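Per-chain numbering from 1; labels A, B, C and D assigned in written order.
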Amino acid sequence: MSDKITKEEILRICNVQPKKCMKCGKCSGTCPAYDEMDYHPHQFVYMVEHGQIEKLMASQSIYKCLSCFACLERCPRNVEPAKLIEAVRLAVIRQQGKNHMTENDVPALLDEELPQQAIVSSMRKYKK
Amino acid sequence: MQKIGVFVCWCGSNIAATVDVKAVANAMRSEPGVVYSTDYQYMCSENGQNLIKDAIRDYKLDGVVVCSCSPRMHEATFRKTALSAGLNPYMVEIANIREQCSWIHKDMEEGTQKAMVLARAAIAKVKKNAPLTAGTTPVTKRALVIGGGIAGIQTALDVADAGYEVDIVEKSPTIGGRMAQLDKTFPTLDCSACILTPKMVEANQHENIHLITYAELENVSGFVGNFTARIKKKARYVDETKCTGCGICTEKCPSRKGLNAFNMGLNTRGAVYIPFAQAIPNVAVIDTENCLHFKTGKCGICQKNCSAGAINFEQKEEILERKYGAIIVATGFRPIDASAFDEYAYTQSKDVVTSLELERLMNAAGPTGGVLLRPSDGEHPKEIVFIQCVGSRCSKDAAKGKEYCSKICCMYTAKHAMLIREKYPDTNVHVFYIDVRTPGKNFDEFYRRAAEQYGVDYIKGMVGKVSVEGKKLHVQGSDLISNEQVHIDADLVVLATAIEPDPTARSIGTMLTASMDTNDFFTEAHPKLRPVESPTAGIFLSGVCQGPKDIPETVAQAGAAASKVIGLLSKKELVGNPCVAHANELLCNGCSQCEKVCPYGAITYEDKEVRGPEFRGTKRIAVVNEAICQGCGACTVTCPSTAMDLKGFSNNQIMEEVDAICR
Amino acid sequence: MQRELMERIRALMDKGVADQVLAWKRGEFFYDTEPAILTKDELGEMVYDSFCGPNLSKYLIKEMPKIENKILALIKPCDSYSLNQLITEHRIDRDKVYVIGVGCKGKIDVDKIRAKGVSGITGVDENGDKITVHTLYGDTTLDRKDVLLGKCLFCKGKEHRIADETVGESEDTSEGSDRFEMVKKLEQMTPDERFSFWRKELSKCIRCNACRNVCPACSCVKCVFDNPNTGVQNKAAANEFEENLFHIIRAYHVAGRCTDCGECSRVCPQGIPLHLLNRKFISDINELYGTYQAGECAGQRHPLIDYTQEDSEPSIVHERGNNG
Amino acid sequence: MPMNQEWKPKIVAFCCNWCSYAGADLAGSSRLSYPADVKIIRIPCSCRLNPLFILRAFQRGADGVILCGCHPGDCHYSTGNYYARRRMTALFGMLSYLGIDSRRTRVEWVSAAEGAKFAETMNDFAKTIYALGENVKLEDLRCKEN
C-alpha cells in the first residue's frame, strides 16, 4: 500500500530518536492520562521503533494524550514521546483529510472534569 | 645517503583488511634512502621485532620506520627493539596506519594510498632525526596524597609501609571521607566505621604518614620525581598540638546554627565542633561564619572552658611548601544536588531524602541515633519508596543529570531496603528501578536476598512524579511489567542520586595538568592497561576521582596506585625525555621571549663568547635546562630566528612531514 | 636647535659621560640624513633638522659589545618606544646608553614635496606652519603639515618614554585621524578584493630587504630568510608565494613587538604600505586582548607571549565575518 | 598548467600528542570514519605549531590546515594551548586580511576522550574544504605535481 505511513515518515515529522530510549518507563510514570490510554507513552516509543505505526494510528491513546509534555520534560534520555504522539496524530489527520475538529466543535464536547490543559491542547491539535 | 628500513605491520587483519600491506612495503622500497622494506603479520611480536633487529644489523640501517598502530601504543616497544640491535632508539619513527588509517577507512585502495603517504611522511621525518640520549633526574622520595578518604588512606598506608614518606592533604578537618558517613557496607553488611576507623588510626600513627587536614592545595609545579606543592593549611583557631579532643568546647558553644555537614545537614552543631566522634585528628575546629566571637567579638566561652588552652582566635593560615616525587589524586565524590529534580519534590518535602542522607538517618551516630524517623515529624515511616537512577544514565542532551551509571546505587539501595525490612518488618519498601545492576562478587545474591528473603517490592519502572499530599508523599510511577501505573502513598522517598566528582577536582586537575573527561573524572593513561595512572607522568589516580566505584574497587585501585608510586619512588633516578628544546647559540638573540612562555622555568640566560659568521664576541644566549624542559615547544615558536628548536620534533622534521604529506 | 644639541653633546663628552654619539649626519643631498656614530672630533658632521626621520634606536644593538663606557643616543619621542622595546628584549643595555631625548615637531617627507610638483629642490626654510622650498626654479611655500612623513600623521605624542635628559621642544603632529582607518577599510573589502590589493602591492616587492634592515624589531642575529637551515631561506622572492611568505612572516615575527614606528613603509623604495600589515596585528591585538602599545615602557610582556584563560577562540576571525 | 587534472584535496591536521592525537586514535579504535584526505601530523603540543609550518603546507598544496589541541585549561603542559590560541588567532587574522578564506584554517580543541568529536570535526572541516575548492591563493606552482 503506497499510502501506508512508515516509521521513517513519523520520525521525519517529529525528529525523535526512539533508539535513545532506555525503557525506564518514567514517561508512563509521569503521564496524567495513563489510565485512559490503551497504549502507554513508553509503548509509543517502542511501537514506533518497531514500525507498529498502524496499530498506533488506530489507537485511542493518541487522542487521550493531553500534550502536557510532562513525559518530554522528565525523560532522562530526551526521547520526547509527546512529539511522537503528535506526529502519529498528524499522520492520521493527513490521511483522513481535513476532517479535524474546529473550535466551534469544542463547546459541545466540554465537560466539567475536563482539565483546562486538555482544552488548550485540543486547540493546538485540531485547529488549523 | 641514509639507509632506512621500512616495516609494515598487518596487525593480523586489523591493518591488512583495509590496507594492502604488501603494496605499501613494495612502494616504499623505491623511496629514496630506503634500502629495506618488508611486511609481517605482527611486527610487535617477538618474531616481528627480530625481523627489525636482523634488518638493522644486516643492512646497517640508520633509520627505521614502522608502519603499524599508534605510536602511543608501540613507539616505546620499537625504540627498545632498535636499541637492542645497536641503533639509537630515536632513529625510529612510526607511521600510524591502524588508528588513523585502516580502522577508519573501508576502501582498500583509499586505505592503501593513505598508508603510503603516511609511510612517506615518516620516512621523510626519520631522515631528519638525530640520535638522542636521555638525561637523568633524581627522585624525591616522598609522595603526596590529595584526599583523605578510604582511597587516600589506603594508598598512603601502602606507600608508607614500603618505607616512603607520605603526606595526606585533606580539605575537611578530618580524614575518613565519604566512607565514614556510611552505616553498613554491601554485600557483607559489616559496619563501615568498624572497618574504616582502624585504618584512620593506623594512618595517623604511621611514622611515615603526615596528615595535613583542613588544608588545600594551592599550587603544584615541577614534574615527575620533582614536584613542588604549595599547601594552604587553613586556620582551625584550635592549636592541634594542644587540643585533646575532649569535646567540652563543642558542648559549651552557645551557637547552634551551623549545619552538620557530616550528617548531610540533617541537624546542627556548635560553631566549634569535632566533625564526628572518631575524627582524626581528634581536634576541634571553629567555623568562623557561625562563631559569636568572630561575628561580634564577644563570647569566647570555648576559650574559657578549654583546660588545654588550645583555642587560639589569632591563628593564621599557614603555607607549606614541600617537594614530592609522586602525587596521588584521591579527591573522591559527592552526590549531585537533587533539587534539580523537582518532579521528586526534594525541595518541597523534608521526607524526600537522598541515599546518603538516609545513611545518616540509619546510623547509630547519626541525628536520630540510628532509629529510622521521618525528618519532618519524627515518626516511623511505614511506606518507603526508593527511586533509582536519579540523575544517572541521562542522555547528553537531557536538561539535567549525568550520562554515566553511578554504579553503586543498585547495591546500596538493596542494602538500605534490606536493613529497613530487617529492623522494621512492618514497613513496606518499594524500589523503582530501570535495571538492577549487580556485577560483583556476591552482589546478585545480595540483591536476590533483598527481594526474596526480605520481601522488598522491586518495581520495574520509573517514578514520574512525587507530590506532597498532607503528611503523605504521593508517588506516581509506572510498572512496566504489569503495564500499569502505580500509585503509592509513601511516608519517605529515598532518591538514589548520581554521584559526581568532588567540585575541587577540576582545579586540582588544572594544577597538575592531569587530563579529565567531560564529567570531571580524571582520565587514566590507558583505560585498560594503565588504569591507575594519569597520562601526566608522576600523577596517580585512586578511587572515585577516576570514575564511580564501590569500596572494594576503591581499595583495590588505591593499592594499585600505591604499587605504581612505590615503583617510581624506588628508582634511583628517572631517565628523562630527550625530546627537549635546545637553543642554537649562534642564532640566539637573547631576547627573553622564550623564557616568558616556558611553563617550567627551564630557560635561563647566560653571557657567552660565541664565534659565528654573524657575530663574534660575548652575547646573551638562552640555555635550556634539559632536566626541567618537558618538550612542549612553546619556546620554539616564540623564537623569531628559529634559534630555539625541539629535538625529536624539529622544525625541519615537521616541515619534511608536511612536504611529504602534501606531495 | 642643532647648535644647542651639539653644544650639549660636547659638554657631556667633556664631562666624560661618553665619547661617542649616535646621531644623524648629512647624506648625499641635504634632505638625506643617515645614522652615524660620531666621536667628539667628528661632531661637526652631525645634523638635526626636519629631515632626521630615521629611527636610530636599532643602531645601538651593534654598538653594545664595543662600548666600554657609554654611548650618547639621540632619540625622538616616537623612537623612544623602539628603544624601550629593545631594552625589554635585552638587545640594548640601558646602562650603556645615555639617552638624549631630542625635541621633534614632525619630520618632512621630501617625496611629498616632490609630489606637489616641486622639483630641483636645493633647500628648505621652515617658518612655523609653513615651509619655504628653495628650488632651481625659485621658491615655493607649502603647508608644513601637508609634507610630513606618513608616520608623523599618527604621532605618538611629544613625550619621550625614556630619556636621561631632553633637548628642544616637541609637538604632537597627529591629525587626530584613526590609525586603523585603512586597516578597517581593507577588512571591509571582500577577500578577493583584499587579495588583489595585496597582490598588487606585494608583487612590487624587489626583496631589497630595506624594510627588514630598518625595522628595530627585525634585529635577529641571523634572519630566518637568510639561514639555509630553516627551510624557508629565500634571498630573492622567486614567486608570489614567497613574496607573501616573506611579508607574512616578517609581520608575524614582529607582532606584539612592533611599535608602529612606520620605518618599514618610509624606506620601501617601491612604496608598499607595509605598515598596514603590522597595524593589522596591532589592531587585532588591541581589539581582542586590550589596547597595547609596544615600547611604552621597558619590561612589558607583549600580548603574544601572554594569555588569559578567557581569550577568544581563533574562530573569531571567521565569525567577525566578511569572508565572502 | 595542470588545470585539467583531477583535484585531490589535501588537508593537514596538526594534533597535539596528549589530547587530540589520542582523540584521533580513539576515533580510530571506535571505527569512526573521516575522509582519507585528512592526514595527521603529531606535534607534542598545540604550541609547537609554527606559522611557518602552516604556510609551508599551503605552499606545498594543502587546501586546509587544522590544529587540534587539548581544551583550554587541560593542556598537558599547562599553558601551551593558551599561547597557541593567541598565535593562531593572530595568524588567521592576517591570512584573512591577505584575502585567504578564513575557513581554510581552523583550530579545534579535542580531548583524548573525544574520539567522536575528532571524527565529526574532520568530517566537517573536510566538507568545508571540499566546498571551498582548491587553494589557489597560497599555492606555489613550483610545488605542483605535473
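Keep in mind that, in the parts below, a contact is a pair of C-beta atoms (placed from the backbone, for glycine too) under 8 Å apart; a residue touches a chain by one contact, two chains touch by 3 or more.
Predicted, not measured: the structure shown is a model, and the values here were computed from it.
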item: Identity of the chain that, by mean CA position, is farthest from subunit A; value: C
item: Two chains sharing the most contacts, counting C-beta pairs only; value: B-D
item: Euclidean distance of C-alpha centroids - subunit C vs subunit D, Å; value: 36
item: Interchain centroid distance [CA atoms averaged], subunit B/subunit C, Å; value: 53
item: Distance from subunit D to subunit A - Cα centre to Cα centre, in angstrom; value: 46
item: Chain centre separation in whole Å, for subunit D relative to subunit B (CA means); value: 30
item: Per-residue overlap in subunit D, given as positions that touch at least 2 other chains; value: 51-52, 56, 73, 79, 83, 87
item: Contacts with two or more other chains, residues of subunit B listed in rising order; value: 597, 638, 651, 655
item: Every chain pair in contact, whichever chains are involved; value: A-B, B-C, B-D, C-D
item: Touching residues (chain side subunit B, partner subunit A) in the complex; value: 343, 389, 393-395, 397-399, 401, 432, 434, 460-465, 476-480, 483, 485-486
item: Interface residues, subunit D side, partner subunit B - complex; value: 10, 12, 17-19, 21-22, 24-25, 27-29, 31-34, 36, 39-45, 47-53, 56-57, 60-62, 70, 73-80, 83, 87, 111-114, 119, 143, 145
item: Subunit C - residues contacting subunit B, complex; value: 65, 88-91, 219-224, 227, 229-231, 253-254, 301, 304-306
item: Subunit C - residues contacting subunit D, complex; value: 183, 186-187, 191-199, 224, 230-232, 238-239, 241-242, 244-245, 248-249, 251-252, 255, 277, 280-281, 284-285, 288-289, 303-309, 311-318, 323-324
item: Residues of subunit D defined as touching subunit C within the complex; value: 51-52, 55-56, 59, 72-73, 79, 82-83, 85-103, 105-107, 137-142
